[in-house]
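A, B, C and D are the chain letters, set down in written order, and residue numbers restart from 1 in every chain.
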Amino acid sequence: MIVIMKHTHTENDILNARKIMEDGGVNVMISKGAETTILGAEGNADYIDTERLTVLPGVEKVMRVSEPFKKANRKYHPDNTKIKVGEVFIGGKDISLIAGPCSVESEEQIVGIAENVKRMGATALRGGAYKPRTSPYAFQGLKENGIELLIEAKEKTGLPIVTEIMSTDNLDLFEEKVDVIQVGARNMQNFDLLKHLGQSKKPILLKRGLSSTIEEWLMSAEYIMAGGNNNVILCERGIRTFETFTRNTLDLSAVLAVKNLSHLPVVVDPSHACGKAWMVERMAMAAVVSGADGLIIEVHNDPAHALCDGAQSITPKQFEELKGKLTPLAQCIGKNIM
Amino acid sequence: MIVIMKHTHTENDILNARKIMEDGGVNVMISKGAETTILGAEGNADYIDTERLTVLPGVEKVMRVSEPFKKANRKYHPDNTKIKVGEVFIGGKDISLIAGPCSVESEEQIVGIAENVKRMGATALRGGAYKPRTSPYAFQGLKENGIELLIEAKEKTGLPIVTEIMSTDNLDLFEEKVDVIQVGARNMQNFDLLKHLGQSKKPILLKRGLSSTIEEWLMSAEYIMAGGNNNVILCERGIRTFETFTRNTLDLSAVLAVKNLSHLPVVVDPSHACGKAWMVERMAMAAVVSGADGLIIEVHNDPAHALCDGAQSITPKQFEELKGKLTPLAQCIGKNIM
Amino acid sequence: MIVIMKHTHTENDILNARKIMEDGGVNVMISKGAETTILGAEGNADYIDTERLTVLPGVEKVMRVSEPFKKANRKYHPDNTKIKVGEVFIGGKDISLIAGPCSVESEEQIVGIAENVKRMGATALRGGAYKPRTSPYAFQGLKENGIELLIEAKEKTGLPIVTEIMSTDNLDLFEEKVDVIQVGARNMQNFDLLKHLGQSKKPILLKRGLSSTIEEWLMSAEYIMAGGNNNVILCERGIRTFETFTRNTLDLSAVLAVKNLSHLPVVVDPSHACGKAWMVERMAMAAVVSGADGLIIEVHNDPAHALCDGAQSITPKQFEELKGKLTPLAQCIGKNIM
Amino acid sequence: MIVIMKHTHTENDILNARKIMEDGGVNVMISKGAETTILGAEGNADYIDTERLTVLPGVEKVMRVSEPFKKANRKYHPDNTKIKVGEVFIGGKDISLIAGPCSVESEEQIVGIAENVKRMGATALRGGAYKPRTSPYAFQGLKENGIELLIEAKEKTGLPIVTEIMSTDNLDLFEEKVDVIQVGARNMQNFDLLKHLGQSKKPILLKRGLSSTIEEWLMSAEYIMAGGNNNVILCERGIRTFETFTRNTLDLSAVLAVKNLSHLPVVVDPSHACGKAWMVERMAMAAVVSGADGLIIEVHNDPAHALCDGAQSITPKQFEELKGKLTPLAQCIGKNIM
């Protein structure tokens, strides 16, 4: 941390700033120039009361030098974290394909899709039971029944299930029955939920918020890890920008950035990012090349009758074609499609 | 709702689209041109399955004509909603001033500030007991103790208290003890929380999400109202843009827009919007002129020692000066500062 | 300027960094801590080759401390710059009202509007002769004829004229005939144009770019000033965000910020910012309260037949009403409406 | 085009709206429902005066159905446009690699880099002679001398040269000496420049503006094409968002979108998009997979001493490695690296 003093500062201002820094447990280096005086923190600056420093008379600016995330930081954990989901690991050489419908609609639908995507190479089944909808009047999901139907699909296919939690009321249900607990983009900074998931023994798939910076995203992972659960899978799903052609703007450079900054695995959701089924294949391919450890893709047997997000769902046949195209691409970058 | 067909559509495509629309309870008007065929919905299009329409073969585009929010819509409730908070109403001629620290820190602090701002004209006391912090390692608030201290300040001053809920676990506590329950920007689309607050009998102060459109914001209000709680106070607190000089970008045109689209009262939080204490006064003044029904302002006896957000807190003296400047401005637009 | 070294830096890395800084004409202060070594520049860091520093081995980060704009900076010119436009000064106690149509359409139109707005208190006439249109097929303005019609309106009313330049080919024409030369948002970083305008003797009204930061905006003013023309009037006209209800998002906190950072006058264009005529009055009022030195407003005798931007144009009668409402507001903040 | 009437419209309002539409050369279909009346345009709606329609009493909303770009539209030109640059075509099966420094600095530098990148497979040489810099005090390029040095490098290597034009004053110079004329992001809506380039016989490389929508970008291409120059190469170079880790946010879904909407070739500039040399390789790979027809990459013999953008420049050796990795990837998607 660096503190830049105003050119009108007094000696007393420096003493006060120094004290706050030292109270935070660091040594303070002082550089006095003709116009600028700078205080540099030596040691771990995490416990310095930045807020107080910032408002101190005589202080111009406080600049943080180090990343605020620790457990999620690759600096302290150079090796990739690999997280077991069903029979496979996410975060290693193998690229995971998580596929399934936006929402669970019926036994026939979810079991049918599960069997299809299993046969075509999916490693996990996604499907919403509790659905976050902008409108209170829209279909909100089959809820507990939806979870039961996912379990049934799992029993028939062996695919582990990934589904979104929306309420801490359902923590026990999810802990018992779900393989990977998904946190949606709109809950990425629902800190109460994150803290509870820090107590979970299940892997958490943490979607990036609509307008969350990479740092905020990693800080939300840090919330879960600080609670003791290190099994966090990050998920890039597009950010909100001024562009309206796509539903969101897929930020593939964020995948590369996060793989550099953190040891956690990252998957990409091209379906929500683009919002158009015809864009999914190419963006999925680009995502793998940019370094994603997996993909989470909306697949529906009958997109025209999907209860939600049909416009961005591909068919099982399209999923199979996608897999065929991903296989040689993955080899080019030293990875495997299972 | 309008459905535009692809120029390659078949008669069967039109039949299918028409059926989905009629199933939603509307009459369908068909206009066939040489190049374009358009289907228009006549009646209430809210129950049409838009998702299915969108993915239908032969459909180019589905365009919604009417606003999706109903209970929050001024069209159906032309008069301003006035919400009683303590002795005053928010949403009428009187402008409410909600003031207090970012977080409750101690009895001395919160009671001291409460007494000060009460004397200077505040109509309610704000103060965070549960704090949403980006970092799990930052001060998270005094929690239940913080609520108790707010109650104490209320007893000493008569000021009703406004504080943020972060967890559905605390619903009973807030329902019993808090006068206005605040939903933070990061929880604006925490739909589970919104549904629970639909059951509350307390007014809800709903902050706009960091990158929420005006429509999404009103839809979140609609969630609460759909549950039966019509006492929603909207709060503009700045949106996230590319600009970094201010913490957020205060969107005063949104205040004007929302007052036009909805009958709900709107307050403005210039403190979080700007993130700089010296900007609060002017932005508060501009907010009142743009039509805000109230202001929520961070005031701290000793900003330099505030545990959070000191940089954007003004002192009680500055609050008093602000009030002095607001009074004639409010008169100019036919309103009162109490 | 501060340079933070990587914790893997060598002595040689420090020597190299120091040399680049000293070549830029500053003294270098070095603070060595256990983990962090920091180099601080003492003196004017403007001539340091930041690019080279940034890529030096051993350098983690280069942080600039001071603002890069000098001539536009209030630090070195504490007093407000006042720019004479016609009979009035922009930047002092008087608030200027620049009014007129989006584009000049005919003699009758522009002279008629000019006479109307003059009578109602406008201090200058705006009107586009050269129009920047997204589509090459849209009306591009009356061009040189438009300028002639503006001159005619000026002769009839005495109002100075403000109009946009789109091409350096027209520099002589504008220098001779136009009172205030406007640079549009899309040309804010057309550096070639800015450099030429640095040679002009006319005041320049510099609109903020659609996604320009406050700093970039001031740097574009700096381009003009560096060429010798200090008469730059800044114009906030809304920025591009994710919100689609308004055409742009009016950033009134930028007005306050720029008045603090710079001595240059700032006017606000609520018409382009909102894109809706009914929003203009309130946003104009809020702009004045937030510190704007003037307003530039689209006024059309017959918005329904305007060749462009009719949806955001107000009528002369509405302009008169607006002026009536601005007068007491301006008094509240110690300013005058002429 | 569709016009939705207010539910308070009169018969006269419909007559007026209909007249404006018919004046634009279309037939009008009218659908009257109980609550909604809709007017649909049948035929080419491009010449309808949308502005006038929008402000007509009784009109609620005007919605455009068709894309406003015609010459750039794939609908009317289904085949890919292939543009000859030197010996190769951009827009076909071969992927072009345009490489070179941010700015031309000296004969030794530019010829050295040109020889290096030529040997390693570049198909064109990039290099700035006129540099758009945010600060008027920063290095502005070698200007005409820079062009001469590029010519020299071209003579030594045979590589065609790509360089940015900043002023219409230089049109003749560029027309005579430059192979591909680049329009920078900040000039994407410098319509005067675009019109002049419509007269050029040289291919134009048109960078996407910092906050330009896909539609606006294609409309700027349309400006050039409307003037008669169909040789427009689009260039995605990252858009401005709230994220600050990368210099811009590379929007690869825009590449896919533009290839779908338009027949024009698209190249990607990962260097400016990311602003970090270590990110270039992966983002270049992802760009090719997402459908880019070429890459434009900053390569410098000695990034540590580059006069600009050193932080994002890769070395010739890294460029060679990149090419090695692109070759098998391109094969996977049926393309060639030359």
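The rule we apply is simple: a contact is a pair of C-beta atoms (placed from the backbone, for glycine too) under 8 Å apart; a residue touches a chain by one contact, two chains touch by 3 or more.
All figures in this text were calculated on a predicted structure; none of them were measured in a lab.
Novice: Counting one step per pair of touching chains, how far is chain D from chain B at the shortest?
Specialist: 1
Novice: Based on CA centres, what chain would you say lies at the far end from chain C?
Specialist: Farthest chain from chain C, going by C-alpha centroids: A.
Novice: Just the number, please: Cα centre separation of chain A and chain D in whole Å.
Specialist: Going by mean C-alpha positions, chain A sits 31 Å from chain D.
Novice: What's the distance between the Cα centroids of chain A and chain B, rounded to whole Å?
Specialist: Each chain's C-alpha centroid was found; their separation is 26 Å.
Novice: Between chain A and chain C, tell me the centre distance in angstrom, where each centre is the average of that chain's C-alpha atoms.
Specialist: 39
Novice: Listing for chain A: what residues touch at least two other chains?
Specialist: Within chain A, the residues that touch at least two other chains are 211, 240-242, 244.
Novice: Along chain B, where are the residues that touch chain A in the complex?
Specialist: Its residues touching chain A are 46-47, 49, 51-52, 54-57, 68, 132-137, 166-169, 186-187, 189-192, 195, 210-211, 216, 219, 222-223, 226-227, 240, 277, 303-311, 313.
Novice: Which bits of chain B are touching chain D when the two form their complex?
Specialist: Counting only chain B, the residues touching chain D are 2, 4, 27, 29-36, 38, 40-43, 60-61, 63, 65, 211, 240-242, 244.
Novice: For a test of understanding, state which residues of chain C touch chain B in their complex under the given definition.
Specialist: Where chain C meets chain B, its residues are 211, 213-215, 239, 241-246, 249-254, 256-257, 260, 273-274, 278-279, 282-283, 285-287, 289-291, 325, 328-329, 332-333.
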